[in-house]
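Labels A, B, C and D are assigned to the chains in the order they are written; within every chain, residues are numbered from 1.
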Amino acid sequence: MKTRSNDILRKKIYIVIFRADTSAGKLFDLALLITILLSILSVFLESVAEFRNRHAELIQTAEWIFTSLFTLEYILRVYSTHKPWRYIFSFYGLIDLIAFLPSYLSLFFSGAQYLVVVRAFRLLRVFRILKLTRFMYEGRVLKSALKASLYKIVVFLSSVVTLVTIIGTLMYIIEGDASGFTSIPVSIYWAIVTITTVGYGDISPQSPLGQFLASILMIIGYGIIAVPTGIVSVEMARATEEAKRKCNYCYAPIHSDKDNFCAKCGKAI
Amino acid sequence: MKTRSNDILRKKIYIVIFRADTSAGKLFDLALLITILLSILSVFLESVAEFRNRHAELIQTAEWIFTSLFTLEYILRVYSTHKPWRYIFSFYGLIDLIAFLPSYLSLFFSGAQYLVVVRAFRLLRVFRILKLTRFMYEGRVLKSALKASLYKIVVFLSSVVTLVTIIGTLMYIIEGDASGFTSIPVSIYWAIVTITTVGYGDISPQSPLGQFLASILMIIGYGIIAVPTGIVSVEMARATEEAKRKCNYCYAPIHSDKDNFCAKCGKAI
Amino acid sequence: MKTRSNDILRKKIYIVIFRADTSAGKLFDLALLITILLSILSVFLESVAEFRNRHAELIQTAEWIFTSLFTLEYILRVYSTHKPWRYIFSFYGLIDLIAFLPSYLSLFFSGAQYLVVVRAFRLLRVFRILKLTRFMYEGRVLKSALKASLYKIVVFLSSVVTLVTIIGTLMYIIEGDASGFTSIPVSIYWAIVTITTVGYGDISPQSPLGQFLASILMIIGYGIIAVPTGIVSVEMARATEEAKRKCNYCYAPIHSDKDNFCAKCGKAI
Amino acid sequence: MKTRSNDILRKKIYIVIFRADTSAGKLFDLALLITILLSILSVFLESVAEFRNRHAELIQTAEWIFTSLFTLEYILRVYSTHKPWRYIFSFYGLIDLIAFLPSYLSLFFSGAQYLVVVRAFRLLRVFRILKLTRFMYEGRVLKSALKASLYKIVVFLSSVVTLVTIIGTLMYIIEGDASGFTSIPVSIYWAIVTITTVGYGDISPQSPLGQFLASILMIIGYGIIAVPTGIVSVEMARATEEAKRKCNYCYAPIHSDKDNFCAKCGKAI
């Protein structure tokens, strides 16, 4: 009988922690969300020297509270799920582990505590609370479009990397140490800064020839930004189209959820 | 009888102030537009130290003239409208209030006068003068496209915020104080400056590893700018399409020039 | 008879100068193109201090050769056209005039105190580059798409200007003189530099609040670049579609110039 | 008989080197890819002063090993192909030559060894290993879209160059030497840095008029980035469309899933 009541407890915990369709489950998700945000805020504040020096103990205390909470959550998750190992080695299982492990590790190694920020990944859990079909649908179209664009984008990025390597090397030859182009890797870094139109200005060409080559690189960067945009736009249009309902008779896409008849063959849907 | 003539006066004022379909109404709108632009110009000039020191009295005088005019306008609006409270708490009502309140407040608190710039919001009123169907149509398509894109853009921005938090923290660990990465919030600020391709250059990585990570962030930023663009393009295309022909029977929009039947009621077009 | 031969001469000159369908006309266009490019190159070189000091006479000579050629071209155009005044006050007529007038004006305003004005005049010769507009064909689809997008882009730019004014003023209040935000116009200039993702870095926020506001402005700028892109993409698609041939029977667009049959009704074109 | 066995040897070498459909061929391609990447890495490391000073001999040795390998590969390619001259003067033939020639030339001229980076071009060979129909298909669509956009992009770039020349010259007149606008070419370089939204900040306007003109240039640059994006998007959509179904009779592409007849031969599908 004890095992039985244990099973019921496990099931109850499971429903609260893993699902978001009961009010208790929603409350848990909200509490978790707030805890995550607060723990990230504490990591942020800890990094500000002025704050760290003034409120050292407060930060320490808060950190151990968050660590305890996340440890407890992890234990409950492992306990309540049917297949613990599957959860432990899943994407979210690993993230849950990383959320409190660094704090313990920091007792042995200093510096490890910044890894705590990986908790930001946990923010993605917020989408659980937004488990509306519509929301998931939007994510699905986005994902499908990006996946379909992948090959073209790899081809595109290969060309960009080749271009950046060649122009970076040319600039290293033309400009040299005096203008900050101290090595080929640094020059390639500069070429990436330029072609992506970021343009820090920590390194910039000084010679007429270097400025001319830089101008060409900028115009290329300005022009080819159209390529990934074009790729994604087309795939997004296709994915949006495909996610639509189809007519049962002629398989033409249904344009709007409010439509009652197929626009192609005129039959009622 | 007095109430009667009062009513007529109120109605006349209402038509001049709130509507733009009579020549008096159009003239009022034009005068208001010019007054707003001049008052903003005066705020601009007041902020230029050289001008402020030389023409202090002129600015003071102009400011009180504008304040009086906007106060008078507000009183007339409240007086002439049928539902004063509804106007007062409407979007434009609050903006009209903010347009002159700071000047009075500045008599008590110094510094408050810069709030006057909220008058810039009033510039949106200029659209009243452009009350052409075509113009409103354009605005409608834009608004509809942005609204339909909202969910996808929220999903997209959440990913960007997560990415920027993680890379900002990594850069804080890698680069440290020496390169200007003095805290995690500052490092996240740098990551935003980089991923949006703004690139001020006030903070920039110095170590090879930092420059490598920065390069990856730039290329990601350069690549994913395609995502919001793709989203908006597709929705814009859809919104433009929907704003097209309407069915003669049920007034549902006709999706394509090639359609032979209304998708809503099934009748031949 | 003299008038007759004169007429023939005028017609011959007209065909060579104004048209590009004879080999003489094509040769004239090519010669003009090269002359324009060389004259612009001479303006460029004149502005380089080192070159100007070393080759003062060469520049002077080249300048008067170009001026003579453009003057001669102008006289021939006025002489050969049927409606001289119409040409003189046309877009191209004015550009042709500006191409040589500044050189003559610089003879009169050669006083020491006018030196800057003279220099400015002479440099305006760079507008000769507008003479190249004649050589640009194929702009029809591009022009049509931009024209159709105009209203939406005006609405979009009005919102950007309003936003930039408000955030610029807020930053002026938050940051103040110390960070380089010396006046509202300068702060608005900074806001434009930021929202367009240019990011010079000559002015950049130093306070945490300023950096936070700047981050929001950057993300807005990064997001809304999608709007004009979306507008133009949609109009470009429409303009491309409209520029296509139509079927004679069902008026469906013909997809490719190589098609021999309508894809909609199957009839030969 | 000797010639015969020679022929067989040549054919075997040809299959290994030029093709990627046998396991030996794939292995060769992989080995070549790794060698290229290592040789580029060695060029990178050589450019880092610290590394060069410490490991001078190692770099020297590695360089000659790579040069020998590429020389051997070149000789085998020339030997095994049926039409040696055609290979030698082909695109890849020239790149293969450039991959080792600079090392030999560097024996006579110092400085020439950096040209070795042109080996980066050889990276494009990696696509041979990925000889999957799907991959080639993606490249084909990209290429077709860019080719179809070429005319419009040339018109667009011509307008940008004209604009940049005029505004660059105006800024040279307005700002002058004090702000870094030392000559018209430098001012044009600044205008390109600005209109492409790179914004180094090494040169930036200081006068109010200059900042106003710069703001206009930025907004233009921000707005017209939509133009190439729009062009490429539309062409990408068209190219994707065209790569779709083919007619069963004449193999012409089927334009739309809704088509009932082939647009080329008029037969029902």
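Here are a few things to note about the model shown:
Throughout what follows, a contact is a pair of C-beta atoms (placed from the backbone, for glycine too) under 8 Å apart; a residue touches a chain by one contact, two chains touch by 3 or more.
The chain lineup, named per UniProt: A, B, C, D = Ion transporter.
Here the structure is a predicted model, which is why all the values come from computation and not from measurement.
Taken together, subunit B (Ion transporter) and subunit C (Ion transporter) share the touching chains A, D.
The chain with its CA mean position farthest from that of subunit C (Ion transporter) is A.
Inter-chain spacing, taken between the CA centroids of subunit A (Ion transporter) and subunit D (Ion transporter), is 30 Å. The distance from the centre of subunit B (Ion transporter) to the centre of subunit D (Ion transporter), with each centre set as the mean of the Cα atoms, comes to 42 Å. The set of subunit B (Ion transporter) residues that touch two or more partner chains comprises 185, 197-201, 225, 229-231, 233, 237, 258. On the side of subunit B (Ion transporter), the complex with subunit D (Ion transporter) involves touching residues 197-201, 229, 233, 258. Across the complex, subunit B (Ion transporter) meets subunit C (Ion transporter) through its residues 40, 43-44, 47-49, 111, 114, 117-118, 120-121, 123-124, 126-127, 134-135, 138-139, 141-142, 145-146, 153, 157, 160, 185-186, 188-189, 192-193, 195-202, 225, 228-233, 235-237, 240, 258. Considering their complex, residues 151-152, 155-156, 158-159, 162, 165-166, 169, 172-173, 182-185, 194, 197-201, 204, 208, 211-212, 214-215, 218-219, 221-223, 225-227, 229-231, 233-234, 237-238, 252, 254-256, 259-266, 268 of subunit D (Ion transporter) touch subunit C (Ion transporter).
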